[in-house]
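Structures given as structure tokens follow.
Next come two complexes, and both contain chain A; in the first it sits with chain B, in the second with chain C.
Up next, the complex of A and B:
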């Protein structure tokens, strides 16, 4: 019906084309072409043909085989750890009347405000070989748990950060299960774990898979965490090291990039397949709202204990960097000794520019994203332009492209491209960083804008047009104001996720004066004298992001409140 | 994408023009771009001091590890290269110099002595200058040692003792240029066979072979490891910044310069010269004494301003017994790296297990000699090739060869496989023998 409506009101083709063309150009030049050059470099034989020689060379290097296996192990390990944390929490919140549920909801936003690489160093001090926890354990029981040894450390940090993706998806899909199903199972005598294993979990599987594949992709692509934890025998760090030290001509770097893209796409495809391929439909959605069972006695106690333990773990990196940022010396002791604000002074005098850069790049990138997002939403929902779906898919494709691959693509595709007015090479300028952010975060803005435009009824625009407003005026005065909430949400999401992006940044930053915050955190972490400044920058980044998240929540709440009051 | 790769830059240029128009014009001051692997506190100190002295110059730091720095210089077109290259590893400057990427700066400070030990501080051809000195040594966490009731080490030889088992950390020479220098120093100081035996025993005592050289001082400073083999400024800077660590130069150490050089084909070579001259001046050298930097100046006079107890290699405070022979090091550079990886990095679990078994047997025997134990030691701690074989040009060539040379890479894989599997078998046998020793 929407199509019929849209077709009926199709504006002049030329208008739609005028909007579609720049959007397509942006996606084509800044996303598809760089990625295509990377794939081509991995497969080219240098004489214009294609070859698998480089792929074979990759697998003939023992360090690469090791890196490949390690990356898979870490990604799967993180999924397993994240599931172990998230599944019980999801079950608790979705099926039991339980006051801790509100706490669990808060857990869901925490990883958004701090990426794993920021907290990783603090985790070393808390959970390392002689970190706070192990010192206490050793004192009390004479044991140490190797949380942070090598790959375990990466799995631990990443699993702890990304489990909310599984939690949120799982809770959503558990809520959609028809309560009758579970009641039927209970009537037939199924209880407890059996009920969960045979009925609830299989029905909620799509949500689980969606979350798990996201975790897999995120961990598989992550460059910052292994680097900060001094682990380099994984694919992302190897790609980074190959490209930066062997040089842009090294085919092995491109092969790694290609493998990373293939696995990202594979994971997302599997998730799409599993979600669509089987019939999970239940008779009535969310049905007669599944009865929440009360929790009492030792069960309630166990539930609270679990939630509090997870909460403590999730908060530990946050607490850790906060402590590090104000500590004088923290070594081989449970807590730091001596507190100081000097690290903040260092950061604010030496690196205020980095904070400014982050604000500049991220606002520009988010601005580009919402402009493109509105354009794509409009093309998608209000025009019958052939191939408009492709724009949406093209923009969303950025989800499957690891940041490091995009950056490698920029370095190769735009090599030798000079900016006008003597501003030097494009890849050495901050424009490259900013545009990479815009491309990487575009899918979020597009989703937000499409959702917002879907809620604006077309009749409002028709009314405006029949009152004599031209199309541009209609968009400016009616559509955009009505979409404002969604646009804002898209802007904030793009902004805050770009503010803590490291994998593309680290390859594209060529000079310190153009470096954003995330790079500063990485740089200050390389200091032997003190990592306080790195932690201080981390705290500032978290504060910026948390403020953004809070503001957007407030604005969205106010908007929905306003809307519901308008309806009544 | 309809655009061919050849055309795309123009498309891009057109689309970027609009954005570019909005950019503010950069000020016309002279910018000196410095590529360096040095940490932020060092570069920040030089930037601040230099810009205060020359207000018209702007120092732009590009922080890259040494290998990435070389790649970066090489890939920049003439005319837009950075001005200055500043890093630790002397071999990096040899590579740059032989690739004609350096030019003479002619700003040597005459007060800098010609040699430290027998090692020339400045490049004899004048392409690069020593800007600071660095020695290698042992760093430990005092709290860690106290908590584990371990004695403080003084010499490399101390580190092979059973009580240090699983308390040490080292990086791999293939991943870190400074570790390579440490390993080579021990090999030159102790001789090939004894040196390898010592390296293998020390590595067997390690809790970890870290992926990056920085992982070692970092792990020691925050107490994850007890003792690490590090370059001096890591230990000294951590100590002077208040970390509970100590650092000592063992007698088998060498002092080599960290260098600075003017890159050929840069935008403003004159300004680049100005910075190098500043870095070599007394003023610039004094910055090295900062607590968080703690490097050894190349200018003897600067040590007069140093705090008491500051190590002074010119006053015999550091007994560097080894006269580092860089041409010997270069002749077997790749062989040593590959050997270490095959014997230690990739087989660390097995080596550590063998070392543990040998320690246990030694304790069980209570000092009695045992032919099985001797054999176990011999198997575990003998390198598969001797010094002459290591210096074989043909062998080095196999490792040095272009990756595209299929023949060489096959040969290389074969050699590595041979070393690796032999080491693995030897470690297994050593465990067996040590367990059976009586």
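Up next, the complex of A and C:
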């Protein structure tokens, strides 16, 4: 085994360098350099030195201080709301034999399918001042709940969208807790909520923190939702407004971008510290997972009621846009007043180009991602190239860079870069959008490819080489086919998440003819008259994403079935 | 040291427990006296751990009852039983320090802080870990972790102490000394203790009494000596200590005597009262057994004993005795002969005559 790995790790150096160089160039030029220019612009004094003047200027503006506080409040509020939903659900799923468990698990894919900004307007119609729920509440009890007022609206929409990140991580870590850990506590007199608070939750904390930090970063960086809800006194919308109205020379925009990067990195760092530095109470010698307890009586009733309530809330934006997309008029009423398919007709004639753009940009971006992903996986696992870990880290760093920061970086770093063949400025072309997608979604593809290659034993490659295949042919004929499942998974994840990307898109789109779907949804949502088409476009986006997910699942299942039957 | 709490006995009456179609415990009845150190011995899958978990309240039986201190505990959840359990992997919580682990049960009982602190100090002193109070469990050795687990359990002054394979996660070296230490501690505190193990030597050396389980059934319960000297069936005979066991015949001889015949080992005779009751009257097939140390070097048997000639196939010198592998006809016999200085060993390949005195012969029914 060790000799096999050693042999597999020593292909000629030059080959590894040839692969590593373009990968490093891609990451360096399209991720690190633009971000560095943003940070530099925030800290440069204009004479080649560094200064904190801009930072001080930022905090001297009351609107910026307010935006900063609001962004923190919204991010923390969304984490709190998401936790309030996810923690009871996680406990139910992990500890009780309960039929809703499978349903709860599938909730996890929803935020991947539809980003919060798409459903935000629908949420306003359902939960706003004069939305369905408040109309009903007002009729019945004479009260209105300000779900969607200002910051509450952002918190409500984001928390509802991102709670599955906490749910899935928490369930995974609860399932891993050795059953004896809880039994020991019961044996010493603990039960019920005290047992949860003193033993179960602290032991599952790494999972919770991993999920919570992800939610924090997503919400802190989100541009689309506040814009669609018309909440502009937050950091991301402020950055967008500064850059688009004041211009690229305004240092305050860069300071905002820097603050966003710092908080993203901070949140991910905290999560990494807590997850790694912890002595896990996972299943060990003689350990057994906790037996799931049956639920009966009023507890079962309460559990189902909770799950159904959450389900209704979670699906409301999806149902909402579906309703909006077929409604003739819908305002000041619980349900639309008439139904029509006209919005789809509008969208399919006016915005067919946008749909095509999305398919084109996302396919190309996902293709770049899996090619780079395979290259990085190969360098990481099959070569001894010095510094190969840095490529992995470099690619993963994209996770901590908000889309709007990357876009600002492109606008600044590639200012004045002209494309050949008279295609015009790079930052005004669709190439910039596509490459930004590729950079932002690269971490997903890298993880999928590394995981896939880890499962291909090096001896399979050696067998091919001993039969006369050279390195390149071995990779092409053996490694890539065996990794196909992982590559496909990486491609699909990159594709579907890019298809609903808005925060980089919104700054990089210069002409409507080049705009992708996500931009169209945002644009149509700007005026009340075109909200119907916006919803129709949202439904189409969700359909594309859902179809992609479904097809890739089917393909992967068939493949793994074929592979395992070949083995036996 | 606080005075020992009034020790409670455990009584298990007609317990049957199954998971779906799989019957784990079958009509178990057992009584553990107050203050007794009792061992549940059995191979893995015999149901011994399940029985322990039943007493702790983690599983429920379909039939029968469990009484602790004379009271039925069926309606009591684990957290109300006052039954302390030490888990096989100790189950120390990694997010709490050693002292916090020990304090846990007391906090659940809402003791005042000062009393908790004093009790934690006392418990850590008891197990010799006072210096480690602030450490995390992960920073301790396996033996130390076990002592923390014991301190944590004893802190609540349980009416009954349950130990699930307490020595299995320790090195061989630590095992013997820890076992003795456990026994000393139990004597000092006088707490009723049930201890699960698959290691018969562990059970024999530590427990006052033990029960041997197999396939969810108690095969035999008694003192270590009773089980060793008078096993009631083949499983117990073979599980407790090593033994030579053969198929043979029992026949009626003179009044009050039974004649035994084992092909290749000769014939013997023992009082009818020492033959398994199921064989007492009829003549027929039986299992005839004796321990290796019951074999003597002798040219003729004492009255009624077995006597046979055998080839010495192998000899293993173990210090206080020599273990011989003998071949008597088609049978293999293990014989432990005491060793003394200046006494030559029997050479492998040679032949000699051996005998087994009648009082060492065990006769069992064929299962």
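Quick note on the criterion: the second predicted complex is superposed on the first by the 545 of 568 C-alpha atoms of A that agree within 3 Å, B and C clash if a C-alpha of one lies under 4 Å from a C-alpha of the other, contacts with A are read in each partner's own complex, and residues count from 1 in each chain.
The definition used in the following text is that a contact is a pair of C-beta atoms (placed from the backbone, for glycine too) under 8 Å apart; a residue touches a chain by one contact, two chains touch by 3 or more.
Note that the structure is predicted; figures quoted are calculated from it, not measured.
Student: So in the superposed three-chain picture, is A:330 touching just chain B, just chain C, both, or none of them (first/second/both/neither)?
Tutor: first
Student: Just checking: does A:178 make contact with chain B only, chain C only, both, or neither of them? Give me first, second, both or neither.
Tutor: After superposition on chain A, A:178 lies in contact with chain C alone.
Student: Please indicate which partner A:304 is in contact with in the superposed arrangement: first for chain B, second for chain C, both, or neither.
Tutor: After superposing on A, A:304 lies clear of both chain B and chain C.
Student: With the two structures laid over each other on chain A, which partner does A:152 touch: chain B (first), chain C (second), both, or neither?
Tutor: After superposition on chain A, A:152 lies in contact with neither partner.
Student: For chain A, which side has the bigger count of touched residues, chain B or chain C?
Tutor: B
Student: With both complexes overlaid on chain A, does A:203 touch chain B (first), chain C (second), both or neither?
Tutor: After superposing on A, A:203 lies in contact with chain C but is clear of chain B.
Student: Look at A:186 in the shared chain and tell me whether it touches chain B only, chain C only, both, or neither; answer first, second, both or neither.
Tutor: second
Student: Quick check on the superposed pair: does A:96 touch chain B, chain C, both, or neither? Answer first, second, both or neither.
Tutor: neither
Student: Find the residues of chain A that appear in the contact set with chain B and again in the contact set with chain C.
Tutor: none
Student: Per the contact definition, I'd like the list of chain C residues that touch chain A in the complex.
Tutor: Within the complex, chain C touches chain A at residues 56-58, 77-81, 83-85, 87-89, 91-95, 104-105, 108-109, 136-138, 152-153, 156, 165, 168-169.
Student: Help me check something: in the complex, which residues belonging to chain B touch chain A?
Tutor: Against chain A, chain B makes touches at 1, 3, 5, 8-9, 11-13, 15-17, 19-20, 23, 25-26, 33, 39-41, 43-44, 60-65, 67-68, 70-72, 74-75, 77, 80, 141, 143-144, 147, 175, 207-208, 210-212, 214-215, 217-219, 221-225, 233-234, 237-238, 240-245, 291-292, 346, 403, 409, 413, 416.
Student: Sort out for me which residues of chain A touch chain B in the complex.
Tutor: Listed in rising order, the residues of chain A that touch chain B are 25-26, 28-29, 32-33, 36-37, 57, 60, 62, 124-125, 128-131, 148-150, 230-233, 241, 244-248, 328-333, 350, 413-414, 416-421, 423-426, 431, 510-513, 523-524, 526-530, 533.
Student: Note which residues of chain A are touching chain C in the complex, please.
Tutor: Residue positions touching the partner: 178, 180-181, 183-191, 194, 198-199, 202-203, 205, 278-281, 284-287.
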